[in-house]
Amino acid sequence: MRSDAMLVGSHRKGGAVSRRALILGTAAAGLGAPALVAQTPETLTVNAYGGEYQPIFEETVLRPFEKKFGVRVTYEGTGTASEDYARIRASRGAPGFDVAAELTPPEILLGAREHLLEPLTEREVPNLRHVWARSKTMIPPVGIVHNYQYTALIWNKEKVRPPETWRDYWEPGQAYGDAIRQHVINFNPGNLLSIYALIMAAKLGGGGVDNMDPAWALLRAQKEYVGTVVTTSAQAAPYFENGQVWLAPYWSARAIYYRAAGYPIEVKVPADGTIGLAGCAAVPVGAANKRLAFEFLNFRLDPDVQRAFNLLYRTSPARPDITDWPDDYKAVQITTEAQMAAMDFPDNEVLASKRREWTMRWQEIMAG
Amino acid sequence: MDHALAGNHGRLIAVLGDSRGGSLRTWLLVGLPTAFLLIFFVAPTAYLFSASVLLSEGLMTPGAPTLENYHLLLSRSLYQSIILRSFGIGIGVGLVVVLLSYPVAYFLVRTTSRWKGLLIAVTLSPLLASVIVRTYGWYVILNQEGALNGLLLATGLVEQPLRFLPSTAAIIVGLAHALLPYGVLSIMSSLNGMNPALERAAMSLGATRFRTFLRVTLPLTMPGVTGGFLLAFSLAISAYATPAILGGPATETMATTIRNFMVVLLDWGLGSAMGVILLASSLLLLLLGTLAGGKRAAAA
Amino acid sequence: MSPRRTDLPWISLRVVVALIFAFILGPIIITAAVSFNGSARSVFPPQGFSLGWWAEALSWKWAEPMLFSLELAALVGVVSTITGTLLAFALVRGRFVGKSFVEMLLLGPLILPTLVTGIALLQFLHAVGLSAFVGFRGLLIGHAIICLPFSVRTVAIALRTMPASLEAAAASLGASPVGVLRRVTLPVIAGGVFAGMSFSFVHSFTDVNLSIFLASPGDKPVTVAILAFLEYGFAPTLAAVSMIALIIPLLLIAVVQRFVPIGDFLYAQERPNA
């Protein structure tokens, strides 16, 4: 392949930057950094959520912690719980943050099995003696439970009447007729919401974590009413807002938050009960500042901090001995022993072992 | 074409790369970048993929190496369709990109408009379109109450709004949009190297524009076209964000499945097995494609 | 005799190209519209008008990762282009054992989801004791890896399409090998080199899946910052940030084009024959 061609005029490559200078400069900056750190106050790096969560967390937990202990906290708002754990695993426990402040029980379980999370007892975190009795058995002792939520049912109050039980969600055609077609949402099992909703479906059919067949049957039947499938809770929010999804399982905290923000939704606990979610936190084994990390976890369980954070974020507290909650808070949160007893928490070990198979079953049904 | 290796010309070849097997300069040119790739790409990937022969219990090493992960992924129809779909998307995107980018590339190279720089900038813009643009931009256009349906309803082409999302077609559209600039720049790059006088010559000999294009321009710019296709195909295969956003549970690809395994289910055994399958099958397909293309070029 | 620009094929070409440009700009214009939305709700057509989201997008909270991304991408572009050009010369002009192996090696980072490359590199750096690299240096390495195939590819295409007789002609006219390189080869393949640099810059600037794993609290690209916010919710601020993330690199490329004018790259037809 050839042709005659014209000569073109010469040109200059723009910007004569010396690559060597840049690399040397970068190396110098990298090497220089440790010297700076030694002169500044003690630091702690905390990883949690971003978005709306961040300012709440900073105001009610981070800044008070900085003030009380005279330290500086670097906040990292990236990653879902499982993404954070992927980083913990890839880095063999030294992911660059000292506290993984928002994990869920599956990650804590993995952390225990893989020895990537620090053991946490009343010695490291004294406030553990004040938490719900249930918190101590829910997860292996390499994490703490710092708040609770539950799987609520939410509905568009302008479009449909309130659902009564989980059956209204799983058999929407029977409850609402054809009008609700395409307006139901289903979550990918990557989200615990999906798993919990499926477990409730199994219970409707007389099954449970040990027998999920009723759930698959209900899912197959529900499919024709489902108009939206998303993975993360955040992805679902716009659909609630613009009225495209009328019925959904959703985390209580975010549901209440969005209701307060003006979304046309209402929130309730279904009459046939629901499954709770334990919000966990842990310290990776390779954390740079473990002592301060333990203090942080302990601080988070302090009554004042618990009160401030949970009121703003709309989650339920980690300890039963806080009594001066406002009435409207108490109406939708887990604050009494009775409520805690009524909440179902599945065996996380069983969940961990079955989750992969359940995910594949879900995918096969939804894809086919 | 081999040149006679004499005099100044011989020295020229020596500077640019020896045509005798492996001079020191060639080895240096190749060796350093290759070493970089080997150390920081091949070694890490191989290490990660070594998990594919272990049943995933996280970092604990349970029993002996086993091919059970591969067996699961290759025998279950769910994953077979995921693999096929990924290649379908890759090829579809490659074709759409090449088809759309050639006119644009040709126009940009041949136009004398003083807005050329701006138009090139416009062409590059999808490269910089972040996940936000793809989420809300395409969602707004393609959803049932969206702009496209509005247009179709208004012009009377359809009576009911169509469901574009989620679908494989939407994924192909979204990916083609994002990868179009690669096709354009690739084809522009080779159009640059072609002497426009050749086109003029052909037309002055009586050929129509179209025939000139088919017989002269296109063959000469084939490296750009195939380069663009291969690039679009490869990037479409590995794309995660667009299939995740514009697709749904019925349109999973290998990339979305790998991410699901690695970062959501935290099953690195299955995740790396799928990664190996993706890598091996894509390389095989590309190899076959290049061989087939090479055969045709040799025959021409 | 040059073809007339008012003939039918050229006009139909312009129409087709205009449609394709509409396709290109569609989602981008919509995102831009959302960024001016009066309310925090992400509806379209936008309700009301507000510049508040842009104000927030220009605050330090977003400017810091934006500047970091630009700096990183620029460095990656330079590294990748220089390395890629060297490699392209060797692959196109040289003949050596293992050439197809190297070519296949270059396909790897393109085909493999950057997510996998990111996890693999993170794990590897920790395993070999280079965990301090996580952050800027790790990102530089990771981005260079995924950008290298681009620069090699575009320079190789330019080299292949360039007729070899050009250099032979210059050499036979008495130019030294280095002179030929400087005054003939490099200008001719400049389009490919520039394209490769643009690709590398853009690919680095927009990468998110690899960056998640190699970023550190102080070294965070803007894409990771966007994702962090997006994982939790959406606000029109994100649309504004996306528009900024789109406009600035384009402006940069436009500025570079002042020094290396597009016209010279694109074989303007006004250029006289040799």
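So that you can tell them apart, the chains are marked A, B and C in the order they are listed, and the count of residues begins at 1 in each.
Going forward, a residue touches a chain if its C-beta (ideal position, glycine included) is under 8 Å from a C-beta of that chain, and two chains touch if they have at least 3 such contacts.
It should be emphasised that the depicted structure is a prediction, and the values quoted were computed from it without experimental measurement.
When each chain is reduced to the average of its Cα atoms, A sits farthest from chain C. Looking at contacts between chains, the pair that accounts for the most C-beta pairs is B-C. Computed from the mean C-alpha positions, the centre of chain A lies at a distance of 35 Å from the centre of chain B. Between chain B and chain C the centroid-to-centroid distance comes to 14 Å (mean Cα coordinates, whole Å). Among the residues of chain C, those in touch with two or more other chains are 42, 119, 123, 127, 160-164, 188, 227, 230, 234, 267, 273. Each of the following residues of chain B touches two or more other chains: 1, 193-194, 197, 220, 262-263. For chain A, residues that reach two or more other chains under the stated contact definition are 1-6, 80, 83, 86, 92. On chain C, the positions that touch chain A within their shared complex are 41-43, 75, 78-79, 82, 119, 122-123, 126-127, 131-132, 134-137, 140, 160-166, 170, 182-184, 186-188, 190, 193, 212-213, 215-218, 220, 224-225, 227-234, 256, 258-261, 264, 267, 271-274.
Listing the residues of chain C that touch chain B in their complex gives 1-3, 5, 7, 9-10, 13-14, 16-17, 20-21, 23-28, 30-31, 34, 42, 44, 83-84, 86-87, 89-97, 102, 104-117, 119-121, 123-125, 127, 141-142, 144-145, 148, 150, 153-154, 157-158, 160-164, 167-168, 171-172, 174-178, 180-181, 185, 188, 191-192, 195, 198-199, 202-203, 205-206, 208-209, 223, 226-227, 230, 234, 238-239, 241-242, 245-246, 249-250, 253-254, 257, 262-263, 265-270, 273.
Taken together, the chain B residues at the contact with chain C in this complex read 1, 3, 8-9, 11-23, 26-27, 29-30, 32-34, 36-38, 40-45, 47-48, 100, 103-104, 106-110, 112, 116-117, 119-138, 140-141, 147, 177, 180, 182, 185-186, 188-190, 192-194, 196-197, 199-200, 203-204, 208-210, 220-221, 223-224, 227, 231, 234-235, 237-241, 255, 258-259, 262-263, 271-272, 275, 278-279, 282-283, 286-287. Looking at the complex, you find that chain A touches chain C at residues 1-15, 17, 19, 22, 26, 29-30, 45, 49-54, 74-80, 83, 86-87, 90-92, 94, 96-97, 232, 234, 237-238, 241-242. Note for the complex: chain A touches chain B at residues 1-6, 80, 82-83, 85-86, 89, 92, 106-107, 110, 113-116, 188, 190, 229, 231, 355-356, 359-360, 362-364, 366-368.
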